[in-house]
Amino acid sequence: MTTSTSLVYLIALPLLGATILLLAGRRSDKWGHLLATALSASSFGVGLYQLSQMLNRPTEERGVSQKLFSWISVGSFNVDAGLLLDQLSICFVLLITGVGTLIHIYSISYMSHDENRRRFFAYLNLFIAAMLLLVLGDSYLNLYVGWEGVGLASYLLIGFWNQKPAYATASKKAFVMNRVGDMGLSFAIMIAFATLGTVSFSGVEEASHTASKAALTAIGIMLLVAATGKSAQFPLQAWLGDAMAGPTPVSALIHAATMVTAGVYLIVRSNFIFDAAPTAQLLVVIVGAITLMFGALVGTAKDDIKKALAASTMSQIGYMVLGAGLGPAGYAFAIMHLLTHGFFKAGMFLGAGSVMHGMNDQVDMRRYGALRKFMPITFITFGLGYLAIIGVPPFAGFYSKDAIIETAFNAGGVKGILLGGTALLGAAITAFYMTRVMVLTFTSKERWEDNQHPHESPILMWLPMAILAIGSVTTGFLFTRGHALVNWLSPVVGEHAESEEMLLQPMVVSGLALLAVAIGVAIAVMKYQRADVETVAPQNVSIFTRIARKDLMQDSFNEAVFMRPGQALTSLLVKGDENVVDGAVRGIGRTALGAGASLRKTQTGFARSYAALILIGAIALIAGIWVVTQ
Amino acid sequence: MTFTAPVLNYAQLAPMLIVLGGALIGVLIEAFGPRASRHASQLFITVASLVAAFAALVRVRNQSSVDAAMGSVGFDGAGVLLQGTILIIALLSVFLIADQENFTALAAAVPGSSEERESLQLDLRVTEVYPLTLFAVAGMLLFPVSTDLITLFVALEMLSLPLYLMAGLSRRRRLMSQESALKYFLLGAFSSAFLLFGVAYLYGYSNSVTFAGIQASITGGSGNDVFLLLGIAFISVGLLFKVGAVPFHAWSPDVYQGAPTAITGFMAAATKVAAFGAILRIFYVAFANAEWQWKPALVLIAIVTMVFGSVVAITQRDVKRMLAYSSIAHAGFLLAGVIALSKSGLDASIFYLFAYGIATVGAFGVVTLVRDSAGEVTDLNRWSGLGKRSPLVASVFAFFLLAFAGIPLTSGFIGKFSIFSAAYETGSTAILIAGVLSSAIAAFFYIRVIVLMFFKDPVEDGTSVVIPSALTTTTIAVTSLITLILGIFPAPLINFIESSAFFIR
Amino acid sequence: MNALTSMMLLPLLGSLLVAVIPSDQTLRIKQAALGTTLLVAISGVMAWFKFDSANTSFQFVQIAQWIPSFGINYAVGVDGLALVLILMSVLLAPVVVLAGWNESEGGRWSAKVFYILILVLETMMIGVFAATDVFLFYVFFEAMLIPVYFLIGGYGSGERAAAAVKFLLYSLFGGLLMLASIIGLYVISGTHGGHTFDIGQLSELHKFMSPTTQNLLFLGFFIAFAIKAPVWPLHTWLPDAAAAATPGTSVLLLGVLDKVGTFGMIRFCLTLFPDASKTFTPVILVFAVISILYGAFLAIGARDIKRLIAYTSISHFGFITMGIFAMTTQGHSGATLYMFNHGFSTAALFLVAGWMISRRGSSTIADFGGLQRVTPVMAWSFFIAGMSSLALPGLSSFVSEFLVLVGTYTRYPVAAVIATFGIVLAALYILIPVQKALHGPTTPGNENLPDLNLREKIAIAPVIAVIVALGFYPAPLLNVINPASAHVLEVQGFTDPVPSESAGK
Amino acid sequence: MNPYNYLYVSALLFTIGAVGVVVRRNAIVVFMCVELMLNAANLTLVTFSRINGTLDGQVVAFFTMVVAACEVVVGLAIIVTIYRSRRSASVDDASLLKR
């Protein structure tokens, strides 16, 4: 594989930015955000350069690697600090740096009133660096570093306004639940080393040809656990909703476009493991299917615009995971949906941010309405994103999502029908709740609080939105043009195998999908455009609505099953340590004292009793010696 | 019948004779010397005779003979070492005794009587304590070198009788002091009766009063084992009483507390050396071959002694009683050396005796310094915050306590290590374990005292540390220095003991 | 002059220097102490460069007779393991002195005593790691308790006296058990080619021991080390001690002294009693895993920030112990590296916590709040230290913790899997105090706490620098550690398990 | 007649003395009991001397007498002082030192 010396700059530049801004502190308040943006942009530049290099090379030599130094080397456990840039990772590099830079620009204006803007940008750069390390690392351990790095960055950014206790809690929740996933990743690495003797991608891939199904299944399942944690998949999805506590650009970059899709990257990157471990693969699709329904259902009940978007993110990633679980047929589509989603979801989040910006941080959609005329650009960009996500041709979402649904149907047998059906239903619900968002926010009647003066956002904010909107219009078309992306990725994820016997023709699937979408849209429009909406969520609603509002009881479940018992155990142990363990020790001391006190009493002070003692002693001594002698 | 004049090796007897001579001169001075200069001259005589005795000992240190005095006194390396130890300890204790403050002006006077008061006012002091000390020292010197039962018994009485009296000489709390004297005397006499009875049976068993003879007949196996058994048992009672081994220990806490502190220190240190010297000799020489008979019993006694001493010491409120119980525990440790019944056991015991004796004198020396208007303060609670009042004294005392506890870099640690390894070497695992456990318990109360001195705040009740006299200072300084040096560079002494410690048979 | 010996002498000389400076010139005293520790640190680093990591035998060896008749030598020398720990100790010492610049005030005694104790302690810290003579090791092992005891009891806060006593008694008890084992070794060595304490010769002895003997001797050592390290359930002294001691003392206590336990497990338990180690490995692993989770849970439940850090250490020591007894190169190197890293991350945590406490006047976590906005630098330092304590990748602890887990998994998967749950708990026990103390609204009483001053920044900066640097580039340490741990395992007759799948393929 | 009988007698005397020490209160009497024990020992010695046909036993006996005499001197001195200061010769009254 060709080596390069410039890969490290991709990571080094944003990392440098973060370091400078954090160390310089307030001194860099003036220029900090500019530096950060510049560095992120230059990293994007490096990415483009790498792409051009890559295009100039023949397909099989496109992968580039760079070994920096030997990181950990003990016995047979050798891990280099090495980077790997291939057709898969370049997609991510460009997505991260590109969208990242746009969001930097957006934030310059969005955060301009925040006294800690500099720190915000430092975190953003830190995130970019970590995320790039995640996708560039050439071994599972290096990936792990980036993996937890983005976790840290997300923790810092979710808790950026941690003076609000709720936000601080949200950030902690996110970190801890991610750690549960990370545990899966470290298990995977341990198993890989113990069974295959290596943790590098190339090594594992090479060993996976010979390794036993059992080992690979174990590794695969553990990787899936990791993915569910990072990508907010069932059952580790609960943190994403609360993560919206972070500033909106963060939600756009981390919790929509990039970090939360790391799980998909991990699965696709580990395709060689999952291809050889059907059980693990089956679990992947199941998780994906469940999550896409889960997210969709939650999305229908949310009044907080960001939470609604978050739910839809969860659901869309469900699609990606589902796709990734369908093997070589699906990897490429999963990635494609990931990329398109990166554009339109980021765009919509920025749009939401712009709305909040104009409605002085109101997030309740029941207090929006008819904003179309007050912020037209936002409306248009958001609208394009909307069309993309619900999958209206020719917008990006149509191509990517449709492909996944199709592949799902073609997975074969009952499995295929179930998965396809789920995906299709999901599409309908997506259409419903996204339309709901659209209607409640931009069309329908005004339901503002008093002294609201909605206004369009400054150019620094709408420019990135516009660019992303363009992306969400065009990308799908570009990627599918002559299977561009599929062929591009095939060297990494394996030849794209079209399944011979098709359950349904592509046209049929598309037709069904469009039908589903139409139904969803129709219901939503009827329910929200016609009827006028209460400004406070009505309480006399069906049990389903209530459950959906409570994120399908996920938090209640976690509390009941993990938190409360955990707290109980903790307090039990604390008491036990004090009374039982330490008590035992103190008990020994007390025993000694007691013995001393009672033995003291033999010292009566009477000479005669001492004499008696001596006499008894003498007799005992004689007796003793006598016994021994006889 | 013909009468052969006794042949005495005066060079080897010199140390004892010198001390006895000094004692007699002391008596004469007490009788006829001018009262004004009495104290000075007494002190001078005592110190001089002790030093001279030591010099005489050094002169003959390399000699050894079975019959220094007609076979009833053996002279050998072990004897030299033990006698040397006793002399050094005695000298250091005399420095403490020299502080008259602690002694009654007129022992005969009734406490609180006009007689006593005027003798105090006119400072008409009687200084009989010095000759008494010398007599006791002479007895102690004789005790470990006596090689026949007569001498053993005589030496025992010779060292005991003066001590009985000295115990009653305290100036303050005279009732207690006298009580301690009485208890010590009655019980002492009681136990020496046992010893004598034992002597009788041993003579009956072996038809000889010399250790050599007894050993011979034990090896020969002739003679009635019942007599041997009784003999060993009764003699052990007498000897174990002197070292304060359980269950013959009961006297020591009371006596240690009641007697004048300087005397207590002398008694605790020197008597132990002498008595253990005798025990070692008689068990190593005379009873060695009857090991299987007495060893189990002695092991049991040793273990009980260690544990009892340590456990009871925990709850003591009086520093002198606390030290008394700790000395009981140490008696237990020392018995381990007797049980070892090996060269290394002998070496270890002698080293331990030296180290422990020195530290004990030092510790009691410090105790003499803590006083209030009514004399010494031995109530531990009133010792609290001593570290604030006078850090130096407190630190020194703490150091001695650490030595007793056997913390490394003190002589106590080397002693403990050597004696336990010796015991374990000859298969007494039980001793080792018991020793370790009781050391752990013992640490508990040594540390308690340290906490009291350093981590508790002083109580304002007039307790103070007096400026020690030059002599007392010397004692404390020397003892603490030795304790430290033996902890860091014990090699010279150990080598010396190793090369010269043996029992002549 | 021998590098190690000189390194040990320097602090002693320093303490003498401090001793001669008049007590009222506190600043001079502090400067002298700081200067000394810096000198030692420099010489430590120089030794580091002189060290030849390829050579697995002891280096900088110096052997001088100490107590020849017991075969005791002053023998020092280091292999990679010892060198790393010595380096850690000497690097932490100046940091502690600088960070705790004012700790010595408000103690029972003058600043002078404080720094004398610290410097003496440093000598012993170096000695305990450098000793290649078991007896010498034991001497340092026990003697170093005393200065710590006075540091806790004299300068600590809250229940300092009680905590100090608890610490001392616990350790003494373990030490005495170890003494019993040492005596056992000594005696056995006597019966096989002469008394010796040389670690090299003793490591041959196990061939002559019966399994029972070996197991008992092993336990004697292990329990002592398990108390030091602390392994559940012998840990209860640590939280009290750490909570009572000054931050600086706590750093030395948890950062350095406790390492003696884990160090001893490798150096003595494994090398002297290989068979017994194998016998007990399962049990020990169970205790280690319990420690990991137990410590974590108690940390989560802790209200007092110092106790919290102490409990996290119990969890970390569980990891170290597990790594040691996993008997794989990854486990061993990981454990050793872990000892080093834990030293620094705990140091950072404790120092910052100490500053927080001294500013706020309370060590209850709930009393803090919103410090991130009031004192950003202090908050960040605490945060980074915390991140390294929860083993965030990119910080030093991650490398070691992951090595331990991987190394354990290859031989004992179940233990590793259970232990891995510790990383989730770690996230909780770090993030809870972070949220309560640093995040959230600024609670009353915290509004105008001063941020770190220059001295404090200078003190904490190198620690954090080390934490970050070693996270990215642990090679310098690993290169020194690997040969040592490989050597230990080779002596043990262990080889890493081969990957199950790629075996033979 | 059989000399061993003397041993039994002396043993009996010794026991009486020992028991006396334990049961009697008056210091003088206690002391007398001790003397009784010593004399029992003497009797034993003499008997053995007779049985064994050597003089050593009798020599010891003489020594014992002398020593016993010394003991009397010291002992009475102590007892008298105590008596003068306490107006009582009961050993049980002297029990300030205990525990």
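For reference, chains read A, B, C and D in written order, and residue numbers begin at 1 within each chain.
As a convention for this text, a residue touches a chain if its C-beta (ideal position, glycine included) is under 8 Å from a C-beta of that chain, and two chains touch if they have at least 3 such contacts.
What you see is a predicted model; the values in this text were computed from it and never measured.
Enquirer: Just to be sure I understand the contacts, which chains border both chain B and chain A?
Expert: Of all the chains present, those in contact with both chain A and chain B are C, D.
Enquirer: Identify the chain pair with more contacting C-beta pairs: A-D or A-C.
Expert: Most C-beta pairs in contact, of the two: A-C.
Enquirer: Between chain A and chain D, tell me the centre distance in angstrom, where each centre is the average of that chain's C-alpha atoms.
Expert: Computed value for the inter-centroid distance: 97 Å.
Enquirer: For chain A versus chain C, what separation do you get between their C-alpha means, in angstrom?
Expert: About 37 Å, centre to centre.
Enquirer: Which integer distance in Å separates the CA centroid of chain C from that of chain D?
Expert: Centres of chain C and chain D (C-alpha means) sit 65 Å apart.
Enquirer: Please compute the C-alpha centroid of chain B, do the same for chain C, then give the distance between them in whole Å.
Expert: 45
Enquirer: Could you tell me which residues belong to chain A and also touch two or more other chains?
Expert: Touching at least two other chains: 589, 600, 603, 605, 607, 611.
Enquirer: At which residue positions does chain C touch at least two other chains?
Expert: 169
Enquirer: Residues of chain B that touch two or more other chains: which are they?
Expert: 182-183, 186, 190, 194, 253-254, 444
Enquirer: Can you name every pair of chains that touch?
Expert: A-B, A-C, A-D, B-C, B-D
Enquirer: Considering only the defined contacts, which chain C positions touch chain B in the complex?
Expert: 65-70, 108-109, 138-140, 142-143, 145-146, 150, 153-154, 160-161, 164-165, 168-169, 172-173, 176-177, 179-180, 183-184, 186-187, 190
Enquirer: Under the definition above, what is the set of chain D residues touching chain B in their complex?
Expert: It is residues 7, 10, 14, 17-18, 21, 27, 30-31, 34, 37-38, 40-42, 44-45, 47-49, 51-52, 54, 56-57, 59-60, 63-64, 67, 70-71, 74-75, 77-79, 81-82, 84-86, 91, 94-98 of chain D that touch chain B.
Enquirer: Contact residues on chain B for chain A in the complex?
Expert: Against chain A, chain B makes touches at 182-183, 186-187, 190-191, 194, 225, 229-230, 232-234, 236-237, 241, 246-248, 250-251, 253-254, 292-294, 296-297, 300-301, 308, 311-316, 441, 444.
Enquirer: Enumerate the contact residues on chain A facing chain B in the complex.
Expert: It is residues 589, 592-593, 595-597, 599-600, 602-603, 605, 607, 609-611, 613-614, 616-618, 620-622, 624-626, 628-629 of chain A that touch chain B.
Enquirer: Residues of chain C touching chain A in their complex?
Expert: Chain C reaches chain A through residues 169-170, 232-233, 235-236, 294, 297-298, 300-302, 328-330, 333-334, 370, 372-373, 376, 380, 387, 392-394, 398-399, 402-403, 405-407, 409-410, 413, 416-417, 420-421, 423-424, 427-428, 431-432, 434-435, 439-442, 472-475, 478, 482, 486, 496-502, 505.
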